[in-house]
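Here chain A shows up in two complexes: once beside chain B, once beside chain C.
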Partner chain A sequence: MYKVTIGLEVHCELDSNSKVFSPSINGYTENPNSHLAYQDLGFPGILPIANEEAWKRALKVSMAMNCTTPDVVLFDRKNYYYPDLPKGYQITQMTKPVGINGYVDIDVNGEIKKVLIHDTHLEEDTASLDHYDTYSLIDYNRACVPLLETVTEPCLHSKEEALTFLETYRSLIVYCGVSEASSVGGQGGCGVGVSLSVAGELGTKVEMKNINSFYNVGRAIDYEIERQTEILQRGEKVEQETRRFDDETGETFKMRDKADAVDYKYFIEPNIPPIKVTDEMLDEIRKTIPMLQLERKQKYMNDFGLSEYDSEVLVKVKENSDFFQECVDKGADPKKACNWVTGMLMGYLNENEIKIEDIPVKPIMIKELIDLVDNKTISSKQAKEVFECMIEEGKEPNVIVKEKGMMQITDDAAIHDVVMEVLKENDEQAKEYNPEKTRMIDFFVGQVMKKTRGKANPAKTMEILREELAKYNK
Partner chain B sequence: MQKITKENIQDYALKLMFKMKDEEFDSFEKEFVTILKHMDLIGEIDGIEKVEPMIFPFINKDAKLRKDVATSTLTTEDAVKNAHETIYDEIKVPKVVGGEQ
Partner chain C sequence: MNYLDRSLEEIHTALKEGKVTSSDLTKEALKRAHDAQEELNSFVTILDDAKESEVTDNVLSGIPCAIKDNFSTKGILTTASSNILSDYVPVFDATAVKKLKDAGMVMIGKTVLDELAMGGTGTTGHTGIVRNPWDPTRLIGGSSAGSAAAVARGIVPYALGSDTGDSIRKPAGYGGIVGYKPTYGLVSRWGLFAFASSLDHVGCFAKYVKDVAHVMDNIKGIDINDMTSFDSSDIKFVESLDKNVKGRKLFYIKEIVDELKDDKKYYDNFLKVLDYCKELGIEVKEESIDKKVLNGIYPSYMAISCAEATSNNSNLTGIPFGNRKEGHSVDEVMINTRTEGFSELIRRRFVIGSFILQKENQEKLFKNAQRIRRLVVDKMTELFETYDGCIMPNAGSIAPRFDDEMDRLSEKYLLLENHLAIGNFGGFPSITIPSGLIDNMPVAINITGPIKTDDIVCNIANKLEEKIGFTPLSLKEEK
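Moving on, here comes the complex of A and B:
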């Protein structure tokens, strides 16, 4: 068998108010060519000025991936001509990218693997082109939108590892709050390099560009492994080339070989003077990096004793995980808080297709609800009723319990009085009582509950009933 | 230092999409010989390999990043003014397919 080696490139548009090198709006619009400034169209005499927020967001991702950060903000020009690139060059980073030599931990079936990051760099997006039979149309709104490209080392050895990395990277972006999940691998998509090697000898790399979804990255890898295996089995050599993935057929086609490699004539962008990256800036950004998905999952399993399944459910959406963590921070028992959050709460969110931030329930309310059950003020069954009321009306659990008169009767004397009343009214059954017949005790519990409208503490009721019934027949 | 041949220049011209006459290639080749000689001279300076290339003469302490405030400075009308033809405010160009990033 051949050893598969995969390297990935993944693009992600960053959220910001304005574009990366121009002050026009970075946001969706249905009106073509309406979010524009002179810089986006490459007018003569324009000067790009880098957006501080886009830079900081890129740095945040770089630091979250444990990359080495640069000492100065510096950009390069990548020169090529295409109608979606009005200046004839793209402002990107090569000399001093926003991050180099990092790593991201991924969990492949319970095994932690370090994926090495070659670099991550900030650049401008291109305009969008629509192709028709005899012409193409250009909308420049997307030109100059901040785009982050992250490149891994060729250190992945299966489709599964590659896809796990992409999912982990997507969650990192979303957890860092720098972009939407749909932007990762969206515009610009993913690039994949696949090579097959025999007995430690490095194979020939075949690259595929602009693959538009993680699903298609998987298909492209499958196809390339099969294609290159066939070539090697025939005793032939795999050619170093760039191929295009066709998502209709799931096949890859030759675009150009090594000899046709484009020379982008990179040089440092002279219009953006280098700006020193200060320690203060780095510290400020470092403080905003949240604990990431995998680390949270491990914490839930190791520190809170939650199951792998529950931990995964909790960390899937950052806001849900934040909510759960706040319940614990407020003093709730992690297992009980997890049961409420992954059970009733997420059930409600899924059923109504809403997000946790759309409901009035706050973490402190979950903690209070757990306390009410723990100190036997209400039963677990009543707690569900309180929860439903909490989520519908946004009231605090203590208020609901009072309003609905749900306080359990936990006072021994009060329960004792009711028990005696029940035994008196059911004298015959009480005389026939046999401790081995559980149904009989259930009957008496039922009667006590009927009289107290379900408010008697079930455990206490049972305890007093047993005592009194034992005495009754003596 | 790498020698620049006529073939190199022809290749660059093709990639840069410059149409050049044969005699221009010859004169370029000669000019490159002179340029490379100068480069070799610089290369002979003691300890030159330890000198970092100068990107800018100094870091301008006043240079700042731009605050993330959006303002659209161009109307759609102005943005497409120079286009030969537009369809629903998009700029029409001869068909191009392919390209990359």
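Moving on, here comes the complex of A and C:
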């Protein structure tokens, strides 16, 4: 068998108030060529304006990946001609990326693996092209949108590891709040390098660019492993080259070999003076980095004793995890809070296809609800009714319980009175009582509940009934 | 004497007092522009529909001016004197232009430059060569050729230019006028068609230092659209002009001035200026800089400027900008557009720039050029700790004839004709003022100071100008 080595590049468009080097809107629109500034079109006489929000967000991701940050934010020009590149150069980072030499922990079937990050750098996106039979259309809305490119070391050794890294990276981006999940790796956003080696020897790297989904990254890796294995088994050598992945056939095709590599003639962008990165600035950014997905999952399992399955369900969406954490912070028992959040609450969200931010339920309400059951004010069956009302109307559980008159009767004397009343009214049945026949006791419980309109604590009712029925026939 | 030939303050006073109107001045400037166009070819576009503008308290209000044709002017053809942009009408104003508009200027035309501002002769614009008003058989120099010729001829009292190596100061010297290149970042470059971004400066021409000062006070300032611009509210040009310069210290670079010594007329002219300095109480000393470093200025300038230029002009592919030439593929469209759109000289610069930036050449050519640039700037900065500025002959000769050949590899050429790029290397404020006539042609001196001392540099130049008492061509002809 050959040892597989994989390196990845992932692109991610960052959210920001405006584009990375121009003042136009960075956002979705149906109208082509409507989010434009002079810079986006490469007008003669334009100058770039580096967007502080964008480079700070890039630094945030860099720090979340444990990268070394630079002393200054600096940009370079990558020079090449292509119709989607209006200026004829792309402003990117080569000399001093926002992050180098970092790592991201991933969980591959319960085993934690460190994925080494070579670098992460901020650049501007290109315009988008639509090709037709005899012409092409250019939409410049995407031009100059902030794009973060993260490059791993060739340290992944299976498709599964590669895909786990991509998923983990996607969650890191979303957890950091710098972009939407759909912006990570989509639309030509992934590059993959695959090499196969026999023990001890280094393999030859084959690169594939512009792969448009994680799923296709997996297919491309599968195909390349198979293709390269066949070559090696025939005793031939794998060529160092760049290949194109065809998502219809799932095959890869040669694009260019090493000798044709483009020289991008990088040089430092002269129009953006180096921006000093201070310790205060980094501290401010660090404060905004939340605990990431894997760490949360481990915490839920180890500290809260939740199952792996529940923990995974909770951390899947950061807002749900935040909600759960706040329930715990407010004093709710983690397991009970987990049951409510992963059960009724997320069930409701899924059913209605809405997000946790869209419902009026607050973590403190979950805590109150748990308390109401714990101190036996309401039964767990009633709690479900309260929850439904809470999620529909946004009222606090205490208010709902009061309004619906749901307070359980837990007072022994009060229940005793009702029990005696019921026995008297059903003298005949009471006399026929036989502890062996469970259906008979159910009848009496039902009568008590009827009289108390369900408020009597069922366990207590049962206990008192047994006692009194036993006495009744003596 | 026509009011148009007076100083800006005199014109302003006359406008205020109603002795002349903005409309009169505009008509006169347009007439002069047309009259001189066949001989000088200063303009790419003469704006015949230029309208008078309201006279306010701003000294520039109501007064005509000309703008180099590489400044973006909203709704007005801007060609950079290149075929590739021969039909380009911008949709926004350069910041410097907008500031002049706000000041109430009357733009009467866009002036010819060396194609894309690359060149120092004024002979490579797509509309033909620009001639020197002092002697039409001579060049005016470039790249801001048309602006220099228009001011020297007296068509307009001042004009905007841009300066990447010496593109304002060289032609100013050949034309017997004042040319100023401020500290890098003092004037926003937004809307100036980029040649070499790290060396490009916006500046101006006028007959007098004081006129330059008025223009600079109006166009300077921090600009959100130019990240290299800075707040210069503490630099006041006009206010500082009359300060006493006694006790100021200047130096000249021995190795460069030595090249002038075998040409007595030129050397004497320079010594005369040094005498004036002494009379003003300015101390002038000789300083030495390693000749190897000085000889590296021109090649480094070429390397850096060509490298940046090839990138800066990569938008001119016929896809977003540039007159598109058809082809069977996108690559062919871009190749045809650029091949037909740029002259051979420009293509040569792009090839050189591209070569210099290639991975295998970067270290030896591009990085070394930057190291020389750094050495020059560090040495000057060190000298500026002792001195207020460096005073030098502006060039090695009067304006050459069109057919004059210069030996570009001689040390005289390398040093005397190219030392002004020091000002661009360091972003130093640098002013050229006329220092007299040789063979009936103007010669000039240049003063370059430490960054952000624009006011002091202009102050010294203003005092020297009074001593020298040079008469501009346009006033000479009046007499």
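Following the convention adopted for this analysis, the second predicted complex is superposed on the first by the 468 of 474 C-alpha atoms of A that agree within 3 Å, B and C clash if a C-alpha of one lies under 4 Å from a C-alpha of the other, contacts with A are read in each partner's own complex, and residues count from 1 in each chain.
The rule is short, and it goes like this: contacts are C-beta pairs under 8 Å (C-beta built on N, C-alpha and C of every residue); 3 or more make two chains touch, one makes a residue touch a chain.
As the structure is a computational prediction, the values presented were derived from the model and not from experiment.
Student: So in the superposed three-chain picture, is A:77 touching just chain B, just chain C, both, or none of them (first/second/both/neither)?
Tutor: After superposing on A, A:77 lies in contact with chain C but is clear of chain B.
Student: After the superposition on A, what does A:32 contact: first (chain B), second (chain C), both or neither?
Tutor: Only chain B is touched by A:32; chain C is not.
Student: Is A:271 touching anything from chain B or chain C once the two structures are fitted on A? First, second, both or neither.
Tutor: In the superposition, A:271 touches chain C alone.
Student: Going by the contact rule set out at the top, does A:263 touch chain B (first), chain C (second), both, or neither?
Tutor: both
Student: With both complexes overlaid on chain A, does A:86 touch chain B (first), chain C (second), both or neither?
Tutor: A:86 contacts chain C only, not chain B.
Student: With the two structures laid over each other on chain A, which partner does A:253 touch: chain B (first), chain C (second), both, or neither?
Tutor: In the superposition, A:253 touches no partner, neither chain B nor chain C.
Student: On the A-aligned overlay, A:45 touches which partner chain: chain B = first, chain C = second, or both, or neither?
Tutor: In the superposition, A:45 contacts chain C only.
Student: Is A:215 contacted by the first partner chain B, the second partner chain C, both or neither?
Tutor: neither
Student: Determine, for the superposed model, which of the two partners chain B and chain C contacts more residues of chain A.
Tutor: Counting residues of chain A touched by each partner, the higher count goes to B.
Student: Taking the two structures together, which residues of chain A meet both chain B and chain C?
Tutor: Common interface on chain A, chain B vs chain C: 38, 41, 49-50, 81, 83, 136, 138, 263, 273.
Student: If you look only at chain A, which of its residues touch chain C in the complex?
Tutor: 38, 41-50, 77, 79, 81, 83, 86-89, 136, 138, 263, 265-267, 270-273
Student: Spell out the residues on chain B that touch chain A in their complex, using ranges where they run on.
Tutor: 12, 15, 17, 55-56, 59-61, 63-74, 76, 79-80, 87-97, 99-101
Student: In the complex formed with chain A, which residues of chain C make contact?
Tutor: Touching chain A from chain C are residues 71-72, 78, 80, 85, 88, 90-92, 94, 189-194, 197-198, 224-228, 307-308, 310-311, 313-317, 319-321, 330-331, 334, 354, 357-359, 362, 366.
Student: Please output the residues of chain A touching chain B within their complex, sorted ascending.
Tutor: Listed in rising order, the residues are 11, 16-18, 23-27, 31-38, 40-41, 49-55, 72-74, 81-84, 90, 95, 126, 129-140, 188, 209-210, 262-263, 268, 273-276.
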